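There are two complexes below, and they share chain A, which is joined by chain B in the first and by chain C in the second.
Showing the complex of A and B:
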């Protein structure tokens, strides 16, 4: 295998791996925003998922149990968002911030004994002949279960959203709450489902981060990935099929940052670390001007976004 | 078919709509919710709720020292609270207090490092002006994006918070690091001329006075002047307001940047009066606490003052929780989240009863 192949494969895989936690959260937030609810609390849900996943993996030695624990933690926190903004009709932005504060506080509080511990994560999968193909070989041998599942989840969710009856009910609620209600849909129930799905996916994203990617727990370790995901939903046009390229944007910038750091580029690592945020912000702004022109935003959601005007 | 000439204007949001206009019930409901959920949290971690809450109150307001620590925390929360409440006058949800605070600290420190030998009468005003400019500059980015391209300000302010704190890290780990610090990432200690005066010989500092002046001034300005009327009109009916020649974009930039100035001041006050030098992680979530205060106050500038004191007490009592109950200080963060959730829940109960939900 040539050195170039190895380098290219290496970069692709590191981009993919650092995108994966974000991809999960992004998919979750797409589902939530599809039912016309914005959830900034995904940041806190991700932290809760990361801690629960790490703790469960450490206790049982089984990373799969860690992922399940992460999903459960994310759902537990998102149920608060459902209660506040669907049940009590509180402002979704404020409710999301409250969920974020709680998730951050609780994960810092309960995470103290886990700081500095290490886990092994997943065992690598034997793939036989695939390993010998250039570029792709490097790729597949280093793909971890959360990466593979994330790549599968994106088209599956796309199919579900556009091709099934329940997916249609999500889209109907997102377009117009009153029409969906007139059609006989239980809109509040659908919205809660959307929020809980977002909770499950963001908890999964957090667990993917701590169990599979960093394999440790650090207070506030998500570093805004959840908030970036809320922004990237617009870039992905609320479309699960487009979630992977949108997530790769942040992940690619992060992988590039790490690559530049290790190859000794004389730029401060702190400055380099602003790159993923600035890249996401730039694309967000560009998508906004496109979305303003062309539409594509769930109509009920744009009401949520513009209610402050 | 008759086509209406003016389409139904968008209804003003229920955001910051003074959830406490009728104090009694809502406040009691929020307080009860907070005490109940807080007690559940204390029971979960094996602490007696009543005794722990009592220890927190004593830890926040019990004696001179704890009161001074509470005031130390109150000052940046008050300033950041106003920084969130002013944009809310236009219905904007700006959560950028954190980043603006960092940028204010960065600009103010930059000035101190540029003219370290300046006398106090020149140093302090210039330092404060630089920090206000820094905060305003950082606020200008989301404000401009909102005004010109209608990019949601909540998301941009939140993302820019991370960028701002990374810029500060870059400087204190890199070019501004004091080599005598033996690896500790911080600038040199500020010269005596750059130390903001303390109040009554405590650690509480002049930032508190700035916050009080700003709160009262903005209360008067928004209640009594044409500018205040203009903001109210733009918020309640943007189309009509723009029809009579008011500019939403210009006012949005103005309120967000004015808020940024105040948050920037909070940053330099924290740096100069409390830490004595610029270092990593100066804020510790003050911007978010400020946002919570602004929300609880329903955007009312005068109510922000006592509520900041309350939240300052909550955060300061985190230390006493550590002493009394052996709980890590992040317990105060959990309680802050519990408080926010209780306030939101109580606020919507009232709105439902009053029927003025939008």
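Showing the complex of A and C:
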């Protein structure tokens, strides 16, 4: 394999790996915002998912059970957001912050005994001839289940949102609660579903980080990835099909900053670390200046923002 | 994040206070900024606590982990004092000013801060240089590497980190001057995701031995094992995370120093000073070698360790050449103290940028 193939393949898989936890959370937050609810609590849900996933993998020795536990923990925490902002009509921003703090505090406290523990991650699968193809070979030999599942989840969710009846009900609720009600939809139920789906996906993102990506649990290990995903929803224009490029934009830039350092590029690391944020911001500005002003915002969601002003 | 942590902390504080309210002998309190099971800085400090408890009859210890570096730690210290602690080890750098505040209020309690640069009548500091051990780990890495490329994952370009990188590199170059160390900055003390990716990018760039200076060595050690390359640890023995690829680690050994400090307080010989240990005194050293390190390499490393311990060689003796080729310490001279304490350069053979 030539050096170029190794470098390109290495960069691609690195970008995918860095993007995967983000991608899961991003898909979840897209679903939540599609029903006109913003959930800043995804950061806390991710942490709950990361800890539950790590703990369950440690207890059972099975990383698949870890992922399921992560999903469950994310959903459990998000149900609180559902209760607060749909059930009790609380301000979604305040409620989201509360969920974030709770997820952070609880996972830090209950996570103490799990620091320094060792879990077994997924075993790598032998892929025969595929491994010998340049670039693709590097990719497939290092791909892990959560990366592959994330790549599949994005188009599946896109299809579901735009092509199925339940997807339509999500979109209807997000555009206009009153019209959706007039159509006979149980809007509160749909909104709770959207929030819980967001919880499931963010929990999965956290578990992907702890169980698959790093095989480690550390207090506050998501380091703002959940909040970044909330921002990336705008870049992805609330469209699951665009979630992969949006997540790759950030994750790829992060991978690039680390790789540029190993190749000895003489740029300050402090500057390099701002690259993911700069890249996302640039795409946001470009896409807004070129397309319509809403950029695909569900109408009901715009109302949430204008209300809070 | 403050409120939830505060509530949990105060609940835990109360139970702690109840737990240690009664008993005889000296009570020593330990405060850690992170979890004591991190196989890193806090773990090493806690190993020191366990040593004191085990080797000093009549001495009891209490410890508190995950305490943030703000007013919170003052409250934890006051709780400890009310529960009978007469010696307190606030082990994290950011605890210095809070410790000075509390020390003023409780002149009968002795405070020993980890790594600080200020003292008070009842507050001293302790720390140890670990760069000799990093040099020895570098010899090990330099003897084992096949690609002649080592990878170093680091959080922030501060003097202590730069000393470790340079010491490690010089150790490796003592085996083969052609060896290079590639440095990747993660920009944070703890972000396992970034650490995993930094480790992967170092492996992809050809490094076959990874080491680092972040809070916990677990992530990069595990990633090295996963990618089939070797790992050198830092802070503590993390060999269980890389049963095949673990070479050796540079680790702290706080126990004896802490025991001496406690003893001096008991004997009333304690003075407010900056206690600084090193390899020679046994406060830092190497962990056990991994199974892949041959006897020949072990002998080489241990021989050098003996020289350091006997004071025959000093680590920062010239010629020391900076990354850009400028000589900062000519042959036979020692690197100036200011250059050592405030190190802001890479030695030749390090790939990366300091700023």
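Just so it is clear, the second predicted complex is superposed on the first by the 275 of 309 C-alpha atoms of A that agree within 3 Å, B and C clash if a C-alpha of one lies under 4 Å from a C-alpha of the other, contacts with A are read in each partner's own complex, and residues count from 1 in each chain.
By definition in this document, a contact is a pair of C-beta atoms (placed from the backbone, for glycine too) under 8 Å apart; a residue touches a chain by one contact, two chains touch by 3 or more.
Fair warning: this is a prediction, and the values are worked out from it, not measured in the lab.
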{"item": "Contacts of A:106 with chain B and chain C, given as first, second, both or neither", "value": "both"}
{"item": "Partner chain(s) touched by A:266 [first = chain B, second = chain C, both, neither]", "value": "second"}
{"item": "Touching partner for A:258 - first (chain B), second (chain C), both, neither", "value": "second"}
{"item": "Which of chain B and chain C A:209 touches, first, second, both or neither", "value": "second"}
{"item": "First (chain B), second (chain C), both or neither touched by A:175", "value": "neither"}
{"item": "First, second, both or neither for A:21, with chain B first and chain C second", "value": "second"}
{"item": "Which of chain B and chain C A:218 touches, first, second, both or neither", "value": "second"}
{"item": "Residues of chain A contacting chain B in one complex and chain C in the other", "value": "101-102, 104-106, 108-109, 112, 219, 223, 268, 270, 273"}
{"item": "Residues of chain B defined as touching chain A within the complex", "value": "10-11, 13-15, 45, 91-93, 95, 145, 149-152, 154-156, 158-163, 166-167, 169-170, 173-174, 238, 248, 288, 291-292, 295, 327-328, 330-338, 340-341, 344-345, 347-349, 351-352, 357-358"}
{"item": "Chain A contact footprint on chain C (complex, rising order)", "value": "1, 3-5, 7-8, 34-35, 37-39, 43, 65-66, 151, 157, 182-188, 190-198, 200-202, 204-205, 207, 215-216, 218-219, 222-223, 226, 240-241, 351-353, 355"}
{"item": "Of all residues in chain A, those that touch chain B in their complex", "value": "40, 80, 83-84, 88-91, 93-95, 97-106, 108-109, 112, 219, 223-224, 227-228, 230-231, 268, 270-271, 273-274, 277-278, 280-281, 284-285, 288-289, 292, 305-309"}
{"item": "In the complex, chain A residues that touch chain C", "value": "6-7, 10, 14, 17-18, 21, 101-102, 104-106, 108-109, 111-113, 115-118, 121, 209-210, 213-216, 218-221, 223, 225, 254-255, 258-259, 261-264, 266-270, 273"}
